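Okay, here's the structure, questions in a sec.
Every chain is named by a letter (A, B, C and D) in the order it is written, and numbering of its residues begins at 1.
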Amino acid sequence: MTGSAALVTVLAVPLAGAAAALLVGRRGAAVVGLLTSALGVVAAFALAAHVFAGGLQRVAVGGWAVPLGMELRADGLATAMLLMTAVIGAGISVYAWRYFGADDHHDRHVHPVGPSGSGSTQWLFWPVWLLAWGALNALYLSGDLFNLYVTLELLGLAAVALVALAGAGAAAAALRYLLFALLGSMLYILGVELLYAAHQTLDLLQLRERLQPGVSVWLAAALMSTGLLVKTAIFPLHVWLPPAHGSAPAPVSAALSALVVKAGFYLLARLWLDLFGSLPGASVAPLLLGALGAGAVLWGGVQALRQTRLKAMIAYSTVAQLGYLMIALPLAGRVTDGAMHAAVLLAASHAAAKASMFMCAGSLLAAYGHDRIDALTGFGTRLPITATAFALAAISLVGLPPTGGFVGKFALVEAAVRADAWWAVAVVLLGSLLAAAFLFHALSRAFVEAPADTASARVARAPQLVALALALLAVALVAAGEPLRHLLAAGAAN
Amino acid sequence: MSAQAWVPLAVVASSLLPGLIIFLLPEDRRGLRATLNLAGAFAKLALVGLMLWNVGRFQDYEARMTVLPGLDLVLRADELSLLFMSLSALLWLLTTVYAIGYLEDSPHRSRFFGFFSLCVSATAGIALAGNLFTLFVFYEILTLVTYPLVIHRGTPAALAAGRTYLFYTVPAGALLLLAVVASQVLTGPQDFVGAGYLKPFAEEHATTLVLLFVALIAGFGVKAALVPLHGWLPLAMVAPAPVSALLHAVAVVKAGAFAIVRVVYEVFGVEFAATLGVLTPLAVVASVTILYGSLRALMQDELKKRLAYSTVSQVSYIVLGTALLGPIATIGALVHLVHQGLMKITLFFSAGNYAETLGVHHVSEMDGIGRRMPWTTAAFTVGALGMIGVPPVAGFVSKLYLGAGAAQAGQWWAIGVLAASSLLNAMYFLPVLHRAWFRPQNGPWPHEDGRGRDAKPMLLLPVLLTALFSLGVGVLATMPWSPLEWAHLIMRKEYVGG
Amino acid sequence: MTAEVQVFDAVLAVLLLWLGWRALASADLFKAVVQFIVFGLLLSLTWVRLGAPDVALAEAAIGAGLAGALLLDTLARMGPSGAADEARPLALTPARVGIALAVIGLAVLLVASVLALPARWPGLVEPALQQLSASGVSNPVTATLLNYRAWDTLLEIGVLMLAVLGVWILDAEPALPRPAPDPMLGLLLRVLLPLTVIVAGYLLWVGAHAPGGAFQGGALLAAGGVLWHLARPLSLGPSRAVRAVVVFGFAVFLAVGVAAALLGGGLLTFPPEHAGAIILVIEAAAMLSIALIMVALFVGRQRPATDPQAADTTGTQDTGAAP
Amino acid sequence: MSLALLYGLAGIALVAMGLYAALAARHVLRRLLGLNVLGSGVFMMLVALASRASDSAGRPDPVPHAMVLTGIVVAVSATALALALLRRMHAHDGSPRLPEDRDDASDGPSP
């Protein structure tokens, strides 16, 4: 299998899977979904192998050269994101299989939202989730600004539809999410058209060569960045995220928090490290983004501390964690820099840990019938697997050894110190203190003896084991530093 | 990885694997659990013995793994690490025996012994850490795995203690992270070396180095319970007795002190640190801690609290010895690292026995306990006398060297501090002994369980052994392989220049 | 295509802005939506003036027609409580001053950058037209949509599909009580439906070399479908038949694209000699799906207003498009 | 002044109007109208700008036209989904506004 073939497979598998899942309907959708996930993982690793060995992989769609046609490229960064999506996504699929498969199987073990009245269409999770996966892959690989707009829309609508799975109660959250996403893409496309009008190309690399500083370029940069900030839920444009992620079904929350929000960050990094990085004085913008990131870390942390419900707390922790990624931008000059290395490590560890944590929240919700943190007493003895997963995920999110979160945080702080960006150092350390505060508080519930009367439902093992596997992945990423660095270096776009 | 790389890894694994397996065991598999624990403990002891035997001959017991560019995890055995390693390995074995007896039918034993073993693994990692980064990593892991032990009982008091513990240790961790990153950026990859590696950077970065020193000492000082960073320690007394023993003698507090020794001797180098002018302040802090701890101990009626404050004070002997320039003080510090561990664990075991057998928790309840529990009380007496520094118990040797070291360093005031604290030690230990041996019993024991005269064998054996060791290392101090001799060995490496 | 501005254009532009504002600011949302529809029709006139007939067709059919129908339908379904809004919905309250200033600032910057752009620039006209012969069609817009940038279009159909999936995920809605279908409408239907089918087919066919194509044709078919629904209410839930049609276009498009890659051409790479046929096949398939999706977006999953129990079972009750 | 400029400016005006409505309005349907007008403005600018680029035969640049076609379809898809959600929200909690916009709380998050 050649590199380009692998690239095409990575794109085609989830989309084809989505079509198949929709075609076969309720009975077979889950099976198709799991099969697709497996293939997706294989394809992603195949492509990664090619990038690792052969560097940047490119495919000209329709055989047309840019600027008329569009080019799909797999560089180190894109490949890393693809791998992350594939592995975490597969885990989410397995969890969802036991979760939404519930009305086929005898035990409907984990159902946080209760009978939502739309039970009969829960299976639609599969085509929508696979389309979201396909959109993510397409987004990572796209080298064309307008194509990126289409992938963003595909991703956004898929995410909204997934939130809607939680039933009428989540309609408001989904609607807010959609309105924000629409606004974001409108601003983005406005910027794109300005760039096109001024440079007659939509291709990122070509654009970078032709880029002429000017008011229209700066305006375009501002508009596109704002649009992406909205979609990434970067403070202070984060308001849509906690309700949406907090009210969605567990596997959906996992997918949104772990993967979907990362897409916006990825594009911001592409824009400011690849495209606009060459502009004179362009270093100001990343600083601004970094400042927003700092705000996100602190605000998200404080809000998470104030939450009394587990899922809300986890959602705010996502707001904070996205801040770390933003902070990396001003510290990184290029996609291959140490800070970016740190950011990708953090992104991957957060993806694994956060997915696991939302899954744990789902299991706890099923066991206790609520997710009020203070009333989750004794879940350590009641759900030992979930408790272990939660603990490991928490350690990684706080950034304590031996986890991927720790290595990422260490690398980020190192990059900050090397850049003499002491503000960043302070924010990162403060952020991890906040994270420790609210996560350990939740964790300590596990050790409290539960009052005898607290009734709890039986919770199936399989979903808990998935959560544990992802948490262990977050731990295992402690060893990912070196391979990741090689990957980023090998696939450097230029 | 060199030929002997597996040994340090095996030392860590010997407690890690049993720990992980134990987590999976159901509560009632006590036989298997005990077997695993003891097997691990003996294996570790054997491996440490092997390393002790060989470390003189080839130096490369080293396992290395690159985590980030220029950043390695290094496990390596040298004399200093083996000093601490052998202490914790030996005491782990005894504490395990003791804990099995102590927790016979309390809930969540699998959880307890699991974290207990992880705790020892982390300590092993700290002992064998070959560079600052590795030391930091295992130090943080130690924080994580001791937290569940502190809040093990799940009572509000335990949770509060746990909160306080994190409140001190997590910010300390953040500070250490910053310090480790800074030194990484400053010096690039560096392993611990005999006389420190920061000297070459003195010219342009003097102030940075001072700040670095302060950050490192503050970070490690939290676990070493340096005043004013000691607040978590007395509260942690809510944990079961074996945990207290572990915290105070084997793992946590010792890890802090050991880390400080590493920083002073093998990151900065004691002579360079002296030229930086950071040693005297450290000595002052240590002295304050020594006196403060002793004074507070004096006021405690609860036995474990009194012992806790005594720990605060005693551990700073190590720091004080480290902070005094000069070979003899160094020897005193290093040897006290071992001696204090032996004596303190004896005291905590005894306290545990009192609580377990008679429900005695307070000094005021101890009248006449010597007749009721002679063996335990004998052990307690040995430990107490040792703490005071009465020959020939171990404590005497370390205090002798510390005093002589102070004299050699010309820091006469330090001798005053030592004398004063010994006096205070006497003031808070002798009355206890007097009550125990010479006062008649007043009233019934709080919770007497009828079995036997003294504590049950599982609890008695370890305490007698540690008492015996405390005596032995004192009496046989000049024999080869004694902690004292080992400390001499290390000292020679440190003062190779002098 | 830079004919000098004529009076007509000036009037059109002014009218457009006025209608646009009315569509946003009228207190009565029904009025607002109607004005939005008219606005859309004027907009398609603008497209014609700007030499974009393909866009004009799409705008009229989709931007104005379908969107307008959806908006009106929603207002009708929500009833008075849903249609009510403040008397002066966009009045400049202190809280909105910031928004207004930001918007004005953006407008100024946009004007500045538009003025900064060169009066004439090459764009991609040359390459697009040079490659036209190899693209299999002679309408450059169709060539762009289905050949140069076919990957965009494939994903775009995915977006349409997602919209209907999203609608299906939501609870079924009670059908609106409708007046008995009057014979007039039935007659109209009998005339119009065949007509829409024929015209749609023509648009599809002509799209190869003149304005038109799958989206315009599909939209027209959808209009026919909506008419049908008005006469004989449908319920388009995720039944097997409906799903099959919905996924058809996307699946064919993807299959062809990947097949091209497997046959060594590369993703969505059509050999020039067959390109025309391939594009026609894709467009035909896409048109069917687009049409049904658009109708489904309008009709959605409905349950008879009489039977409240049906909510949970609708998904299984649905029996496709045929009433 | 050329057609391109005239309609370009008109497009900008629409962008401004739509954006203001999308941000200022509280009724979700009005926000949606705003977003749609905003979109129309964006597309109008694009096509107007495209009409500046044309070859000797005066044939305009097809790529922006294709982009606008795609944009229109995407916009209507999103609108359809948004309207469906709006109806469910209204059916569920009886208001066509987002929670933070109810009972004339003019502040709070608004897209």
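Descriptive notes on the structure:
Rule of thumb we're sticking to: a contact is a pair of C-beta atoms (placed from the backbone, for glycine too) under 8 Å apart; a residue touches a chain by one contact, two chains touch by 3 or more.
Just so it is clear, the structure is predicted and the values come from calculations on it, not from any experiment.
A summary of chain positions shows that the Cα centroid lying nearest the centre of all protein Cα atoms is that of chain A.
Chains C-D form the pair joined by the most contacting C-beta pairs. Once the centre of each chain is set as its mean CA position, subunit A and subunit D turn out to be 27 Å apart. In this assembly, the C-alpha centroid of subunit B lies 74 Å from the C-alpha centroid of subunit C.
Per-chain Cα centroids separate subunit B from subunit D by 68 Å. Note: centroid distance subunit A to subunit C, computed from Cα atoms, is 30 Å. Each of residues 68, 146, 150, 153, 157, 160-161, 164, 168, 171, 190, 197, 200 in subunit A touches at least two other chains. Each of the following residues of subunit C touches two or more other chains: 110, 114, 117, 121-124, 128, 148-149, 152, 156, 159, 162-163, 166, 170-171. In subunit D, the residues that reach two or more other chains under the touch definition are 15, 32, 45, 49, 53, 63-64, 67, 70, 74-75, 77-78, 81, 85-86, 88, 91.
Every pair of chains that touch is listed here: A-B, A-C, A-D, C-D. Note for the complex: subunit A touches subunit D at residues 68, 146, 150, 153, 156-157, 160-161, 164, 168-169, 171-172, 174-176, 178-183, 186, 189-190, 193, 196-197, 200, 230, 239-240. Within the complex formed with subunit A, the residues of subunit D that make contact are 15, 22, 28, 31-32, 35, 38-39, 42, 45-46, 49, 53, 63-64, 67, 70-71, 74-75, 77-78, 81-82, 85-86, 88-89, 91-93, 98-99, 109, 111.
Those residues of subunit D that touch subunit C in the complex are listed here as 1-10, 12-21, 23-27, 29-30, 32-34, 36-37, 40, 43-45, 47-55, 58-70, 72-81, 83-88, 90-91, 94, 96, 106-107.
Partner subunit C is touched in their complex by these residues of subunit A: 4-5, 8, 11-12, 15-16, 18-19, 22-23, 25-26, 59-64, 67-70, 72, 116-121, 124, 127-128, 131, 134-135, 138, 146-147, 150-151, 153-154, 157-158, 160-161, 164-165, 167-168, 171, 190, 194, 197-198, 200, 214-216, 219-220. Listing the residues of subunit C that touch subunit D in their complex gives 1-5, 9-10, 13, 16-17, 20-21, 23-25, 29, 32-33, 36, 39-40, 43, 46-47, 49-52, 54-55, 58-59, 62-63, 66-67, 70-71, 73-75, 77-78, 81-86, 89-90, 93, 95-96, 99-100, 103-104, 106-107, 110-111, 114, 117-126, 128-129, 140-141, 143-145, 148-149, 152-153, 156, 159-160, 162-164, 166-167, 170-171, 173, 215, 297-298, 300.
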